[in-house]
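Heads up, the next two complexes both have chain A, just with different partners, chain B and then chain C.
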Partner chain A sequence: MTTLAVWKFASCDGCQLSLLDCEDELLAVAGRVEIAHFLEATRAVEPGPYDVSLVEGSITTPEDAERIRHVREMSRVLVTLGACATAGGVQALRNFADIDEFRSVVYARPDYVSTLATSTPIAAHVDVDYELHGCPIDRRQLLDLITSLLLGRRPDLPGHSVCFECKRRGSVCVVVAHGTPCLGPVTRAGCGAICPAYQRGCFGCFGPAETPNAAAQAGLLRATGMAEDDVVRAYRTYNAADPTFIELSRVMAGPAPGAGPGGTGQEET
Partner chain B sequence: MTHRSERVLDVRSLARVEGEGAMHVRVRDGAVADVRLDIYEPPRFFEALLRGRRHTEPPDITARICGICPVAYQMSACAAVEDACGVSVDPAVATLRRLLYCGEWIESHTLHIYLLHAPDFLGYAGALEMAQDRRDLVERGLSTKQAGNEIVELLGGRAIHPVNIRVGGFYRTPSRAELTALRERLRKALDQAVETVQWVAGFDFPDFHHDHEMLALSTPGRYAIESGDVATTGGLTFDVRRFEEHIIEEQVPHSTALHARIAGRGRYIVGPTARFTLNRQWLSPLAQEVASAAGLGADCRNPYRSIVVRAVETVYALDEAIRLIDRYEPPARPYAEVPPREAAGYGATEAPRGILFHRYGIGADGLITSARIVPPTSQNQAGIEDDLRRFVGGRLHLDDEHLTWQCEQAIRNYDPCISCSTHFLDLTVDRR
Partner chain C sequence: MTATTDVSANQPVLIDVSALALLFETLREQGYTVVGPTVRDGAVVTAVLDSADQLPYGVGVETEAGRYRLRDRADRAAFAHSAGPQSWKNVLLPARTRRWSADRSPDGTMVVSGPDEPRRYALLGVRACDLAAIGVLDRVLAGGRHTDPVYAGRRDGNLIIAVECTEPGATCFCASMGTGPQCGAGFDLAMTELVDDDGHRFLVRAGTPAGAGILAALPGRPAGPASVGQARDAVAAAAARMGRTMPAVNLPGLLAANRQSPHWDDVASRCLTCGNCTMVCPTCFCTSTEDVTDLTGDHAERWQRWASCFDLDFSYLHGGSVRTSGQARYRQWISHKLGTWHDQFGMSGCVGCGRCIAWCPAGIDLTQEVDALAAAAAVTS
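Right, the complex of A and B next:
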């Protein structure tokens, strides 16, 4: 039987909880795989190697940088779960700050705290076979991934933007109808376009879509009246260390789309 | 086995808790020499990274401290920011917040009862192993848990890190019809929850009691969840705004953690047993009835019985959710505008594991200048260690394997959420 292991690094536990949140499917999945290491669910631990390892969290300590190499060695297929594991998570905001200052703000005895200056994704340390995006991941994507691995087919992981899902859901576009800032055009699909259905702009928790149009998005955000520092904050949140989002946050707003020839909006890149 | 002069029990990675922790017990010459609940979850520095963010951002950002109780973080953050800005929300918005919070209590408590804690009482390594023998029980738990998640999904958009919560209220509020559609589902879950109380009440509980002071929010007239004043079993009461005057965190030399204590008084615990002991009279008649039938008296000082209290609170949360749905009238506006002002704000709510305090400083430009978060598990850490110390002392005749498992169970009595506590606990990494 396929052996499954679940690992945690710096994270909130929410992505691995998604597996326990599959209330209708959990026992069926448990019947098809041997859960060999999943501390949130069981104290029984089987030694490796493992067929599939699901990895939650980012690398923030020297010990964890070592541990992820060990997990990789023991795993045939390694899948990262969520924004922390795929992009460093919200804790990667430290990458833009002075870590010693951060440490002294939170801890009375900063010298006790062993930590790296950066929070980095798993792929910065070891080879990763598949990545599930999102803060948190979508449990339907997780189930599809596990099913695909069991069947030996490639998981269907979309690279297009949230806009596609939003249209399919039949939601009214919050930018067009209400002038609400929305990162949907540059954010990866997978959540089911939840935020616009709740009359909120997408805040990019699934990270960047493939080939986002930086200039058009900058113009769109500018047209909603969003201030530059708010744009930077919007990109620098749950996928703060993602290189594409870093680049998008630096694209200063050019003219709004359709405003005629002029700046490309990319002068800062 | 008592020939050894030193005996060490080490659990390097605690299972069935949220986050990463370890337990270390050292017995020397037949007496407990050292007990430590170690936290080696890597720090994530939330209080530091919140500075410079907009005053509207703490609910979403602090939700990411804990995937198990994100609603608790969102609610405490909203309360603190609204306090700073001098805004109070529409009563219908407050009702929806309480309903949302009931959803998280149902989901989190049922997760803990069925998947994390019950396997200890029944001798299984985990719920999936338990399901091989008692699939019906695990299915009942998953079904009740799902009912809680359905509330959070409807009101929040998704179960983990809900998107629909904002300072001042919600982005979109549900119609009466949307809420009423949940009612049947919750009725069924309520029946399951009553069965759950009866089931867990029959477990075998060690004869073990503590005398810790207990602390929880308390509001006359209703079981405190999303608001209230702070009260303790020692008769102390104070406003949430004075939390930091009464709760002191101190560093203990051997430990990796800051331990919280009540100023001038000492160790205390928070969570379901504290709430029950302080607020039992405000439970619904049904919840009171099932509590009495389950053998719970006026207070609960046996931490092993916390599983019964969690089950009773699940009954209450379902009962209360149905009551709130039945009397729901949508608010005129889904949210109140919350313009920033230069001020400090304080908020506390009852996370499933106990009181969760937030304090923010906001600048005139609307940016966060300082943040402080006191999560429940760090408040319980001294109590957990004290329980372990006394518990181990009385059970040294057990072999290592059994004693270790029982110690793990003693820790799980508090449903520790180590992901939560870590961002402010001191820690050393020791991964032997």
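Right, the complex of A and C next:
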């Protein structure tokens, strides 16, 4: 039987919980795979190697940087779960700040805390076979990936924008109909476009879509009234260490919606 | 109480707004599921309606490139709004639908079932541009050698109740595409809404025996020349109030001759490649499939879902995607709509509804892009 291991690095456990949250399907999963290592569910641990390792969390300590190499060596297929494991998570905000200052402000005894200056995604340390995005991941995507790996078919992991799913779902666009800022046009689909269905703009928790247009999105966000600081924060939330979102967070000007041909949105200098 | 009318002579009939309730009842009795306009989340959307009360009475809309807002009207008109984010494509070619499912039994045999049995739909509030769009989809999905079973099944037995536009939007340009605002053919019933001191009423004409049958069940009175003239004038006035015009140039020729135009860089700098334009377009018919299995592999389903030429995956061939740049993808979309569609299907892929203009979060307007492309071509030639 296929063996499955679940690993935790710096994270909140929410993505692992998504697996436990697959209530209806969980028994079926347990019947098809041998769960060899999943501390959130059971203390019983089988030794490796493992066919599939699901890895949650980012690398924030020297010990974890070692441990992930060990996990990789023991795993045939390695899948990262969620924004922390694929893009550093919210804890990657430290990458833009002084870690010693953070440590001294947060902890009573900073000297007890051994940590790296950065929070980095798993792929910065070892080869990754599949990435599941989101904060948290979408449980249907997780099940589809596990099923695909079991049956040897191609998983359905789109790289296009959230807008595709938003329209397929029949939601009314919050940008066009309400003037609400939304990261959907630059964010990878996979969540089913949940936020716009509740009249909230997309928060970008799935990270960048395949070909985001930084300037056009900046123009859109600024036109909805977002200040420069807000634009930076919008990108540096769940996927703070993602290089594409970092790039997008540095672009503050772009053509306003409806600018028309030749409309660049850049200030005349 | 007005007597039910003999419409065998195909005379236009006037019905009062109160007759819409009976229209719904009649449609339901005849086994139709009514789909029509209603307000949800700040827009007029199309949805399955249970009663005429759900129609958007007194709701107007303001559209611009990348912008759409509802507004209160001074009157109680139910169809005085231009295109919302959805079209009849959402009913006839749903965004996500099952093509087939298969079950493997323990003895190894396979049981396969087709798409779910569709309902019989009555489409209420179909505009002239929408009629043209359904005509395009008929040609593409049911008029060739390869019929789309989902579309054909849902299209079969439709009843189409058109409502002519008297309130075009700022993003509308059906008049310049030759598709509206007056409804020529392709409907079972066509109505024109009239609201004034003489009351809230509809001028109705039947286009088919099925439509005539429905109309005969409604309390109506023969329309006099005054009402007929009033309706005609209202629609003619709408034609003169279109917010946009498609430039009167040879579109297929322009697009074919300018594949290397510097203008594609310009539009790509504004385009998010988000795919919204193709999703809202009532004629964009592209779909892809997604296979779903349970963990055992004994149950499998194939789902069909809307695809878009703005997706990298769309042009993925062995080894990579063909159209990777935003330039190439925007050019594909507009070239197909206005150019190569003619070669493929002998018609335009654009009916001038303006949805792609209003519902583009970047407010990109294809009529302006055509203008700019033509201007750039004039400079370089």
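Note that the second predicted complex is superposed on the first by the 257 of 269 C-alpha atoms of A that agree within 3 Å, B and C clash if a C-alpha of one lies under 4 Å from a C-alpha of the other, contacts with A are read in each partner's own complex, and residues count from 1 in each chain.
FYI, contacts are C-beta pairs under 8 Å (C-beta built on N, C-alpha and C of every residue); 3 or more make two chains touch, one makes a residue touch a chain.
It should be emphasised that the depicted structure is a prediction, and the values quoted were computed from it without experimental measurement.
**Student:** Superpose on chain A as described above, then tell me if chain B and chain C fit or clash.
**Tutor:** These partners fit in the superposed model.
**Student:** Tell me the contact category for A:V172 with respect to chain B and chain C: first, second, both or neither.
**Tutor:** second
**Student:** What angle, in steps of 10 degrees, lies at chain A between chain B and chain C when each chain is taken as its C-alpha centre?
**Tutor:** It is 110 degrees after superposition, to the nearest 10.
**Student:** Give one of first, second, both or neither to describe whether A:T237 is in contact with chain B, with chain C, with both, or with none.
**Tutor:** In the superposed model, A:T237 contacts chain B only, not chain C.
**Student:** After superposition on the shared chain, which partner residues are touched by A:Q199: those of chain B (first), chain C (second), both, or neither?
**Tutor:** both
**Student:** Between chain B (first) and chain C (second), which, if any, makes contact with A:E40: first, second, both or neither?
**Tutor:** A:E40 contacts chain B only, not chain C.
**Student:** After the superposition, what is the least C-alpha distance between chain B and chain C in whole angstrom?
**Tutor:** Taking the overlay as described at the top, chain B lies 10 Å from chain C at its nearest C-alpha.
**Student:** In the superposed view, which residues of chain A touch chain B and also chain C?
**Tutor:** Common interface on chain A, chain B vs chain C: 199.
**Student:** Going by the contact rule set out above, which residues of chain C touch chain A in the complex?
**Tutor:** Result: residues 40-43, 45, 64-69, 85-86, 90, 95-96, 263, 266-276, 279-280, 290-297, 305-306, 308, 310-313, 324, 326, 358-363, 365, 368-369, 371-372 of chain C touch chain A.
**Student:** Given the complex with chain A, which residues does chain B contribute to the contact?
**Tutor:** For this pair, the touching residues of chain B are 13-20, 41-49, 51, 53-54, 57, 60-61, 64-68, 70, 111, 115, 119, 125-129, 131, 135, 138-139, 142-143, 145-146, 149, 157-161, 163-164, 166, 171-172, 249, 251, 256, 258, 405, 408, 419, 423-424, 426-429, 431.
**Student:** Which of the residues in chain A come into contact with chain C in the complex?
**Tutor:** 25, 28-29, 31-32, 143-144, 146-147, 150-151, 153-154, 156, 158-161, 163-164, 167-173, 175-179, 182, 184-186, 199, 210-213, 215-217, 219-220, 255-264
**Student:** Spell out the part of chain A that touches chain B in their complex, as residue ranges.
**Tutor:** 8-18, 20-21, 23-24, 26-27, 30, 35, 38-45, 60-61, 63-64, 67, 89-91, 93-94, 97, 101-103, 105-109, 112-115, 119, 135-136, 191, 194-195, 197-200, 203, 205, 230, 233, 237-238
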